[in-house]
Amino acid sequence: MSAGLEPPAVIEADGPSSGLLPRSRRGVQPDGGARKLRVGIIGATGYVGSELIRLLSRHPNVDIVGLAGRDRHDDPIGGFHPHLASTGMTVGTELPDDIDAAFLALPHGAAAALVPEMAARGVAIIDLGPDFRLRDAADYPRWYGFQHPHPELLDIAVYGLPELHRDELRALIDAPVAIVGSPGCYPTATLLALAPLARAGLIGDLVVDAKSGVSGAGRDAKPEMHFGEVDESVRAYGIGGHRHVAEIEQELAVTASSVGLDPGANPGAIGVDFVPHLMPMVRGILSTNHVRPTRPISADELAALYHEAYDDEPFVHVVASAPATKHTTGSNHVLVFPYLDERTGRILVIGAEDNLVKGAAGQAIQAFNIVHGLPETAGLQQLPLAP
Amino acid sequence: MSAGLEPPAVIEADGPSSGLLPRSRRGVQPDGGARKLRVGIIGATGYVGSELIRLLSRHPNVDIVGLAGRDRHDDPIGGFHPHLASTGMTVGTELPDDIDAAFLALPHGAAAALVPEMAARGVAIIDLGPDFRLRDAADYPRWYGFQHPHPELLDIAVYGLPELHRDELRALIDAPVAIVGSPGCYPTATLLALAPLARAGLIGDLVVDAKSGVSGAGRDAKPEMHFGEVDESVRAYGIGGHRHVAEIEQELAVTASSVGLDPGANPGAIGVDFVPHLMPMVRGILSTNHVRPTRPISADELAALYHEAYDDEPFVHVVASAPATKHTTGSNHVLVFPYLDERTGRILVIGAEDNLVKGAAGQAIQAFNIVHGLPETAGLQQLPLAP
Amino acid sequence: MSAGLEPPAVIEADGPSSGLLPRSRRGVQPDGGARKLRVGIIGATGYVGSELIRLLSRHPNVDIVGLAGRDRHDDPIGGFHPHLASTGMTVGTELPDDIDAAFLALPHGAAAALVPEMAARGVAIIDLGPDFRLRDAADYPRWYGFQHPHPELLDIAVYGLPELHRDELRALIDAPVAIVGSPGCYPTATLLALAPLARAGLIGDLVVDAKSGVSGAGRDAKPEMHFGEVDESVRAYGIGGHRHVAEIEQELAVTASSVGLDPGANPGAIGVDFVPHLMPMVRGILSTNHVRPTRPISADELAALYHEAYDDEPFVHVVASAPATKHTTGSNHVLVFPYLDERTGRILVIGAEDNLVKGAAGQAIQAFNIVHGLPETAGLQQLPLAP
Amino acid sequence: MSAGLEPPAVIEADGPSSGLLPRSRRGVQPDGGARKLRVGIIGATGYVGSELIRLLSRHPNVDIVGLAGRDRHDDPIGGFHPHLASTGMTVGTELPDDIDAAFLALPHGAAAALVPEMAARGVAIIDLGPDFRLRDAADYPRWYGFQHPHPELLDIAVYGLPELHRDELRALIDAPVAIVGSPGCYPTATLLALAPLARAGLIGDLVVDAKSGVSGAGRDAKPEMHFGEVDESVRAYGIGGHRHVAEIEQELAVTASSVGLDPGANPGAIGVDFVPHLMPMVRGILSTNHVRPTRPISADELAALYHEAYDDEPFVHVVASAPATKHTTGSNHVLVFPYLDERTGRILVIGAEDNLVKGAAGQAIQAFNIVHGLPETAGLQQLPLAP
């Protein structure tokens, strides 16, 4: 463990006196649960930040005690997010020290620099950027163009997709350092669509053709995000290797190996053909996964794989017809539709989600809940908003 | 009172044995509040119905015990509203008898036939159609083309805009019969924008130019609601007298008289020029009110009128710049922007809301809360969903 | 040839006396070209019909002499298509007899019944439905659910994709009977994207993931086309075998065999995995073709294949970055983007078009031009409308 | 006349030797009309610029000989406007000298500096910005915040709304200096809606509530034009005095005085209450004009006023029901709907147009045609694109 990360000492100094949770037991609240967890959000002025505020403001076990954004000095939140003006919150430059957890919604590379100090103080880190998603430090220069400054943390960080890593997230309750690398929006919909096939060694060949609303690209006023360019149009982008490929390939392999399969069991999970498309809509991701299976499979067997995987999951719903992204808007739901095409012999699996909720803020809160021993659905029970 | 409406007898017969609330005291729950109110929704398959389900499902004091739709026989709700499939609810033909309250989202004329029997049994009625909004029975043939079958109920019914009729709604807690005519979507935004001026006798001349998303027109598959016709286009409709004019004129007069003004005090509130427009969007109403005041007024005086009227209201927010409908989506908020145009001498007041929430389902729940002595914001505290 | 189709006799009787073109030489106008061709449109009240009117109204060599729709009696066109009201046209039940060509935009099965008599009279038929697209009569019951009443015409009809069948279309200039089965919207974008690979025997495995605006589904007021359902959402449909698969597979095979390849040369062109998606937009098709090649190919070789195929085509543009559908709106352009993904070894080819122009009305006019010996671009030279 | 504007001398030097039109007779082409007019566009990279290129490329009497944009060096047009890539044009820093006419699409203040030299050389100027729209130089600091550097040109410039200033535009055929200030998008729809009332002295009180697609605000990547902010939302802007008020008031006065009325005849035309709104769409303006007439008027009289004004106009269509902006898209049409509301006694007049065509590029070409003695509809005959 690096010099910058010696949590036990830090915890001794800071934990007891601050009235915060004893760091070695995040999940047990000494006062019987009455105290709310104190959380902060860094990167509060973007779309993911606003969604974290929207959801955490209504979380029964949370107090938002700080919002931070670059060069902000107690600026009213309404100046960035008019729909949140009624919260009366402000955005400053830094978070208070005495917080239980921090959510980070920052450009790649920024969190890697901030996290070690905070994590060492025992603050649970839920990072919504890519800095703690990849296990192999070599993937950072390859996919993101920067050397990871703290590769030792990549071994500790947990990939925050609860449906695939719930036990590891739970283990953070007792860990002195808790770092969650919350998944990207595309990987969430794609991995949940594919995980049952990966575990069964069924992915012979794979094409992931994905569609996203513009909020996935953030809030920056880029010319290509101008309404005049986006509306009434679709186009592919990220041709030749969108960064989310790295997560998708990593986690398909992890998922297969978690049930004892070797990498060759899912040949289609290597060198994934992933092509994202920009949709003329604000929210929503649809991941259309075209799979040529490694062996023949019946429709019943396919359905059984998915129901077994997801029937006990609170947020993943296996549906019987092709889902629309609209039916997830504002909620933490993922709709998964597996289909065996008898004519072509292929398996089609479609995943639909709200990229800002299950694809970002909601998922992060779901992991946060697990890391703190809270009910996994706390603060995430609102239904989708449609039409 | 009509033969069909003799509540005391009904209450004696039905109240005690059913375990429901004593009808003469809706606001006090005998068991100290632990019991949830049993509610049903008639007209559950439309857009307003789905929004009632979405909100009431998360209301802490409510159990939805029945959904009704025409010719439905325990049909899964997901067949009508895929986003609500996870609730596991079904839609039948009728509601159970032992309910505390019924929400009705029906075409005009339909509720007027159903309500007397239900109301007489002590069921609190929250009608989201027009059948109990107008006080003068003659307005029904004029504006809606039907003779109201129970004009005597129009004297009892309360116009369910809490910001204007809170005391009357509260009085229903103890009333044997409780009927709320929940306001239309356009009148809500318009009346909240104009009420402070009406009370001050300032409306000299009035033009209401309103804009609505398509969900305000319901879910029927009409040719003019086809995506190909609506998208990338705006147009006016309802030229020459949209039905909501009746409510707007009635309530502007009521509001003025409630503070002792006579009808001539607001000459612009008579023969209101109201022109609605269809927007290429799903939700949202913007009501742009152009007022020529009866006397000169300063910007400070104008602001004071609005802050005095609304600063204590939980859902009405006076804002300092022109609001976007998007900043209310999914919430019960109304944003009101008053502005004195020094150049023209006019007052501009803009109201923005989500037509399905504060303009329909949310407002109905707000009134329901008052009628049952619940906190007015119960079940309505979610923040807007943006972007 | 069926009894209903004896063109020579008809032509003798009808041709000379009518002042129409001598049927055996559509391409030569006896008066030196001054006379405009007389055309009619059957199915004028739908979206394809309106687009035919828009384009043919401005075609320098055409007079629209008749518009027909079911149960129409000289109804002003503005009642169906307000944007065309200024043309002053009307829609009746039938076309005049003395026309040179008829465009048919009808539901499947309808044209097959009408065409034989008209074609026998020498009227050039440009059918925009599926009734004359497929060569194998057995495909009609399989894909469209009806027995083709005139299978003998399938041998005569020409698949109206000029870039693949220009010579056969030209041959109709001198043919007594001219029937063009104008391609479907999806097949046009897909086949133009894939034809160069098919000719090179490069299609080893194929996934076609396509996206369309709603106008491709016609104008009927179906619930799923309501603005409230379509806007802010994407979803797949036609899962398990959209009808356009039949055309795509047929023409990939035809294209390969046209250069002497046998069916096994493009194994991916058999049992094509085609999944269409509905976009929240009115016009535009994007066909994303994921190809695993039969052999390694360099990026230069790939580019050369496409430039060779299309550099002389007036409407197909090979582009260097992923195209947006918006950049074809209102024009007859198809943008084709071939890309070799070195990482995955796959070829990605994206085709973009306006489904109502190159995917329907424009393409039909292009074929009509060829069949009549007119410049192929006549009436089709307008540039796309953006933004 | 300023020193910078001595056209006769310039014309002597430049006209004959250049092969350009004799400046004193723009309308007569020495070679009998075979020569096309040479035009350039300054500000070619914005939305108005692209629309000028789209339309002028297909104009039968025009050759586009130069496109200019700031700091451009023969950059391919496709880099700015991918839909125009097939034209093969490039954008440079300057236009060639030997042009007949220049279209300028520039921010306010920029054209005023460029025009004098060009105009003095005899180049016909069609300025699409505000620099030559206002007659009173004092209006520039008031509404646009800059001192007009050449107020003397404001007397010469013609406001390029052909329906109101056709004779003055025609007079430019023989004028040594021709400067057209092409109207703004809102004023076009508004003035055409109101002109018949202004001429009749009927505008007693006026509220203009206008709605525009985002392309009216240009192409700059401003945060408020991000798709995430615009989609699914409407809002007012320019509260308290949008710059287009200046044009509207000026031209209503001019129109009234052109038939001998004095300013008091239309009291509502002074201090106009104009409130624009941003729509979630790309193109289209709807101007909803609420007029309280100075005297009672019958519906027949109202209709007669409009038909008399516009039945001979090629681009203005008086329609019988409320128009949708969509029915003008891509065309130079304006739809005008006058309506007498018997209930309120008001007149409602709605104008609909495509802001980039009749509201900008198309109107500019219409004026250009008149100034050069061409048929007024040349290059502008395409029909609207719908759906």
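Per-chain numbering from 1; labels A, B, C and D assigned in written order.
In this text, contacts are C-beta pairs under 8 Å (C-beta built on N, C-alpha and C of every residue); 3 or more make two chains touch, one makes a residue touch a chain.
All values derive from a computational prediction rather than experimental measurement.
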item	value
Between chain B and chain D, the fewest steps along chains that touch one another	1
Farthest-lying chain, centroid of Cα atoms versus that of chain C	B
Separation of mean Cα positions, chain C and chain A [Å, integer]	44
For chain A paired with chain D, centre-to-centre distance based on mean C-alpha positions, whole Å	50
Distance between the centres, which are taken as Cα means, of chain D and chain C, whole angstrom	38
Sequence positions of chain A contacting 2 or more other chains	47, 215, 219, 228, 231-232, 280-283, 323-324, 326-327, 329, 387
Complex contacts: residues of chain C adjacent to chain D	47, 50, 53-54, 57-58, 81-87, 215, 219, 231-232, 282-283, 317, 319, 323-324, 326-331, 333, 381-387
Complex contact set, residues of chain C against chain B	47, 214-215, 219, 221-223, 225-228, 230-232, 280-282
Residues on chain A engaged by chain C in the complex (per definition of touch)	205, 207, 209, 211, 213, 228-229, 231-237, 239-241, 271-273, 275, 277, 279-284, 286, 288, 290, 292, 322-327, 329, 339, 341-346, 348, 350, 352, 387
